[in-house]
Amino acid sequence: MSALNTGPARTRTLALGPVRLRYRRRTVVTGALLAAAAVVLDIAGMQTGTIALAFGDVLGAVFGQGEGKTLKVVQKIRLPRTVTALGVGACLGAAGATFQSISRNALGSPDIIGFTTGAATGAVAQIVLFDAGPGATALAAIAGGLLAAGVVYLLSLSGGVTGGYRLVLIGIGVGAMLAAVNTILLAKGDSDLAAEAHLWLSGSLAARNWGHAVPVLIAVALLLPVLLGLSRNLNQMEMGDDAAQALGIRTERTRIIAMAAAVGLTAVATAAAGPIVFVALAAPQLASRLTRSPGVHIGTGALMGAVLVAGSDLLSQRLPIQAAIPIGLMTGLVGGVYLLWLLTRSKQV
Amino acid sequence: MFQTPRKQHRQASAWALGLGLLVLLAFASFASGSRTIPLADTWAALTAFDPSHDTHLLVRELRLPRTFLAITVGAALGLAGALMQALTRNPLAEPGLLGVNAGAAFAVAVGLGFFNMRSPYQYMWLGFVGAAATSVLVYLLGRAHDAGTNPVRLVLAGAGLSVMLIAGTKIILIGGPDETITAYAAWASGSLQGRGYDVLPWVLGACLLAVLTALPLSRSLDSMSLGADLGRTLGVRIRTTWILGALAILVLAGAATAAAGPIAFLGLAAPHIARMITGPTHRRLLPLSMLLGALLLLFADVVGRVIAAPAEIGAGVMSALVGAPFFIALARRRKLAKL
Amino acid sequence: MEDVLSGRGLTIGYDGRTVSEHLDVRIPPGSFTAIIGPNACGKSTLLRALSRLLKPAAGEVFLQGKDINSYPTREVARQLALLPQTSTAPDGITVADLVARGRFPHQSLLRQWSEADQQAVDAALAATGVQDLADRTVGELSGGQRQRVWLALVLAQDTPVLLLDEPTTFLDIAHQLEVLRLCRGLHRTGNYTLVTVLHELGMAFRFADHVIAMKDGRIVAQGSPAEIATPELMKEIYGIEALVIPDPATGGPLVVPLEPEDLGSGGTGPSRGHLHGPPDTGAPRTGISPQSGIPAPLTEGAPA
C-alpha cells in the first residue's frame, strides 16, 4: 500500500493516455466553484443596467438568439464589459500569485517591481500635462509601468542575479520616488485634470467595449498558460534556490520569464481598466486560504481575481447609491472586507 | 556594549556631523522660503526680536515653529520605523503598516468633505483620531501580540484595512467638489506649510511622551531580536514590550501624520541607514534613527521650499525623492541588513 | 577507472571572499567519502562547488569525466543529488508531498507522475523511517524528523551520486547511526557514490572508506580512515592533542581527544579513570604532572 494514498488532502494523479497530471481534489473543486461563480456573476452583471433583462434572455443573447434590442445591448455593451471584468481579474490574480511566490512575501504584488506606481506616473503625467485622451492614457500607463519595472530589474542585477530581497528593496525605493512624483503632479495640476487623474487612478469598467476586452482575452490566452506551465518550477523554488537548483531548475531563468509574463498580464489589465491592484494582492491570498494547499496558486488565483472583479462590478452597479463607485475602489472595499473576515475567522494564518 | 575604538570613533563623528548639519539646516530653514531672509536678519530675529519688523515676525511666527516641527516629525518617524522593524523583525516594516497613514487620510477627507475643515490645527486632531482608531483596529485584527512569531497576519490586516480606508477616502474625494481634491492633495503631499504654534506643542508633547516610553525598551528589543524563545528565556516580557512599543509607534506615527500629512518611506529608510552606523544595538540605534529622520525631513523641507520658490513642494514628497536614490544605492551594495 | 566527480584548480568563494584556491579534489567512483575539518574550513563551499550550485571563479568541475556545465542542469540532477545544510519547506506542505518533490528531475509537464515515482518515494520514506509521518505537515515536526524528511527527498531523487552536507546535525545518536547505516547500505550495493560533510569524527572514521581532511580552504590530507586518523594530523587540522586507539567495536581507528590535564610528564598517556584495553602508545599510566598540584597515581579512578 503506497504511503501516499492516505489522508484527505493528498495529491492524486490523473491519467489521460500517456499523460499524467497531478492535482489536489480540494483545489480542483475550489477552482470549479469559482469558475461557476464567475459565470453566474457574469450573467447577473449582464442583467443589470438601465434596461433590466431576464436571465434566460441574456443567456440566449450571448449565443446570438433573441430580439434586436436585447441582442444589441448584451452583445455590444454588456458582454464586453463583463468579459473585460473577468479577464482583468484573471490577469491580476495570476500576476499577484506569481509575484508573491517570487518575492516569498504575502504582500507581493506587481508593485514590488514598481510597475503599478510607474503605470500611475505615466497615466497621471499624460492626463495632467498633455491631456491627449483615454487612448493615450492607456498607452502612457503601459509605457510608464514597463519602464519602471525595467529600471527596477536592471538596478537589482548584480553578477547576473537579482536576488529576491534586493529586488524588493529597490522596487520599494523606485516606487516611493514615483509615488512622490505622482503626488506632485496631482497637486500642481489643474483641478479638473487632477480630478480626472484621480478617477483614472481608481480604475473603471464603464463604457468598456470589445476594443478593451479583446486584448485582455488575448493576453490571458497567451500568458496564463505560460505561468501555469512554470508553476511546477515556482513551487520547487519556494524551497530555496539551492534546493531547486539541485533538482535541476534554472532559477534565474524561471524568475525572469515568470516576472515578464506577470508584468505583461498586469500591463494589459491596467490598460483596459486602470490600476485595480488590490486584486493582485488579495486574490492569491484568498485562493490559498480556500484551497488550503501550499505552493503557487496561478489558476485558482486567476479565478478568484475574476470573481472578485466581476462581483465588485455587479455590486457597484446594483448599489442604491447614485454615484457610480469606480471598480478599483469597489474591489478595495470588497476585497478588504473579505480578507479581514477570513483573518478574524481562522486561528491559523 | 563592546565596540572597537574605531567604531566608537565612527559613531561619535556621525553624531557630531549630524548635530552640526541639523543646526546648519535649521538656519537655512529660517532663511529660506517664499522670501529669502539674509542671515544677519535671521540672527537678529532670534536674539533681538523686534515685533514691528515683518521679517522678524516671519521667522518667529512661521519659520521657527515650522523648523521645530520638521525636526520633531522627522525624529518621530525615524523612531517609529526603527521600533516597527524591531517588533516585527521585518526589515521591510514601516509605521504605515499599522494603517496610520490610511486612517489619518480618511479622517482628514471626512473633515474636508463633510465639514469643510481647512486649517492645519483641525487636520491635526482629525489625523490623531483617525490614526489611533485605525491602529487599534489593525492591532486587534492582526493579533499583533503574536506578531513577534508571525507577522504575516498583522501585515495582511494592515493592508486590508488600509485599502478599505483609502477606497473610502477616494470615494469622498471623487464625490465632492474639485476644491476638496485640491485641499486634500495639498495635505497629502506631506506639507509643513502654515504649521505654526497651534500645532507644534501638541505634536511635541505627544512625541516626547512616546519617546520616553520607547527608549527604555531598547534592551528588551535587543533580546527580542534573537527570536521569541530566546527572548523569553532572557527575561523579556514579550507582550508588554509589544503593547508599549505599538503604543509608542501609534503616537509617534499618528502625531507625525496628523501634523504634516502622510510621509511615507522615511520610517523605512532612516533606521536602515542608522543601522549601518550603529549596528543592531537599539540603545544606539533608536536615537540615531531619530537624528537621521529629523535631518532627512528638515533637508527635504528646505529643498522643497528652495527649488520651487515662491511655491513649495511638500516635505513628504521631497523626502522620498531625496531619500530613495540613497536607499537604492545602499540596497545595490548589499549594505542593508536582513535582520 | 575515472573519477565520477572531480575538481581541478578550483578557486571558490563568496562575495569577494576567496575560501579555496587552486584546489584539486577527486572522488573515486563507488566510494563513501567523508569531508572533515574545523568550522569554516571550506567543506560546505567545496560541496556546493562540486554540485554546480556555486560557480568557481577559476577551475573546472568534472562529472563522469565531462565538464559539469556542459550537461543540461536537469541531466545533472539525475546524476547527482545534494542535501543542503538548510532548506525551507513551503508552508503547509505534507511530508509525502515534500518527498515527492525529489522526483522532479524525472518528471515533465505532461508526465507529472508515474509508477517509478511512486515506488521511489515509498522506498525513500521507508528507508528513512518516516512513513508514519507521511500525512503530517513538515512545519510541525521536530528538527530530527525534518532532517530525515529532507534526506528522504534526496533519496527519492534516486541518483548514483549523493552529496550530503552535514546530514546528521540535529539527530540523536540512534538516528545518526540509522542515517549513516543507510548510507553504508547504499554504498555496499556498489551503485552509489557518497560524499558527506561530517562533523562527528567518530562517525566519519567508522563509516567512510575515503576521508578528505580540510583546513583553511586547503585539502591537508586524503586517504583511508586509518591514514587520516593519526595524532599528527589531528594536531595539524584541529590543533588538539589526541590519542588514536582501535575502536573496541569495529577495530577501526578511534580518536580520543586529550585535554591539557591529561598530558602527563613524558608524553601522552591516560591518567584519569580506568581504561578497558591497552592504550595505543603502550605507555604505563602515569600521575598528573606535578604542576597541577593534584596528587599521585589515580589507579583508583578518582576524578581529576
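Order as written gives the chain letters A, B and C; numbering starts at 1 within each chain.
As a working rule, a contact is a pair of C-beta atoms (placed from the backbone, for glycine too) under 8 Å apart; a residue touches a chain by one contact, two chains touch by 3 or more.
Being a predicted model, the structure only gives us computed values, none of them experimental.
Asks: Based on the touch definition given at the start, go ahead and assign the chain network to line, ring, star, complete or other.
Replies: Shape = line; chains linked end to end, path left open.
Asks: When you take the mean of every protein CA atom shown, which chain's own CA mean is nearest to it?
Replies: Smallest offset from the overall C-alpha mean is found for A.
Asks: For chain A and chain B, what's the span in angstrom between their mean Cα positions?
Replies: Roughly 33 Å separates the two chain centres.
Asks: Calculate how many whole Å lie between the centre of chain B and the centre of chain C, each centre taken as the average of the chain's C-alpha atoms.
Replies: For chain B versus chain C, the centre distance works out to 52 Å.
Asks: Distance-wise, how many Å sit between the C-alpha centres of chain A and chain C, to the nearest whole number?
Replies: Each chain reduced to its C-alpha mean, chain A and chain C end up 47 Å apart.
Asks: Quick check: what residues of chain B touch more than one other chain, meaning two or more?
Replies: Answer for chain B, listing residues that touch two or more other chains: 334.
Asks: Under the touch definition given earlier, write down the residues of chain A that touch chain C in their complex.
Replies: Interface residues on chain A, with respect to chain C: 2-4, 6-7, 9-11, 13, 18-22, 229, 232, 235-236, 238-240, 242-243, 245-250, 292-295.
Asks: What residues of chain A sit close enough to touch chain B in their complex?
Replies: Spelled out, the residues of chain A in touch with chain B are 105-107, 155-156, 158, 165-166, 168-170, 172-174, 176-177, 179-181, 183-184, 186-187, 191-192, 194-195, 198-199, 201-202, 278, 281-282, 285, 323, 325-326, 328-330, 332-333, 335-337, 339-340, 343-344, 349.
Asks: Mind listing the chain C positions that touch chain A in their complex?
Replies: Going through chain C, the ones touching chain A are 48, 51-53, 73-78, 81-82, 84, 86-94, 96-97, 100-102, 104-105, 109-114, 118, 121-122, 125-126, 131, 134-135, 157.
Asks: Using the touch definition from the top, list the residues of chain B that touch chain A in their complex.
Replies: Its residues touching chain A are 92, 141-142, 150, 152-153, 155-157, 159-161, 163-164, 166-168, 170-171, 173-175, 178-179, 181-182, 185-186, 188-189, 264-265, 268, 313-314, 316-318, 320-321, 323-325, 327-328, 331-332, 334, 336, 338.
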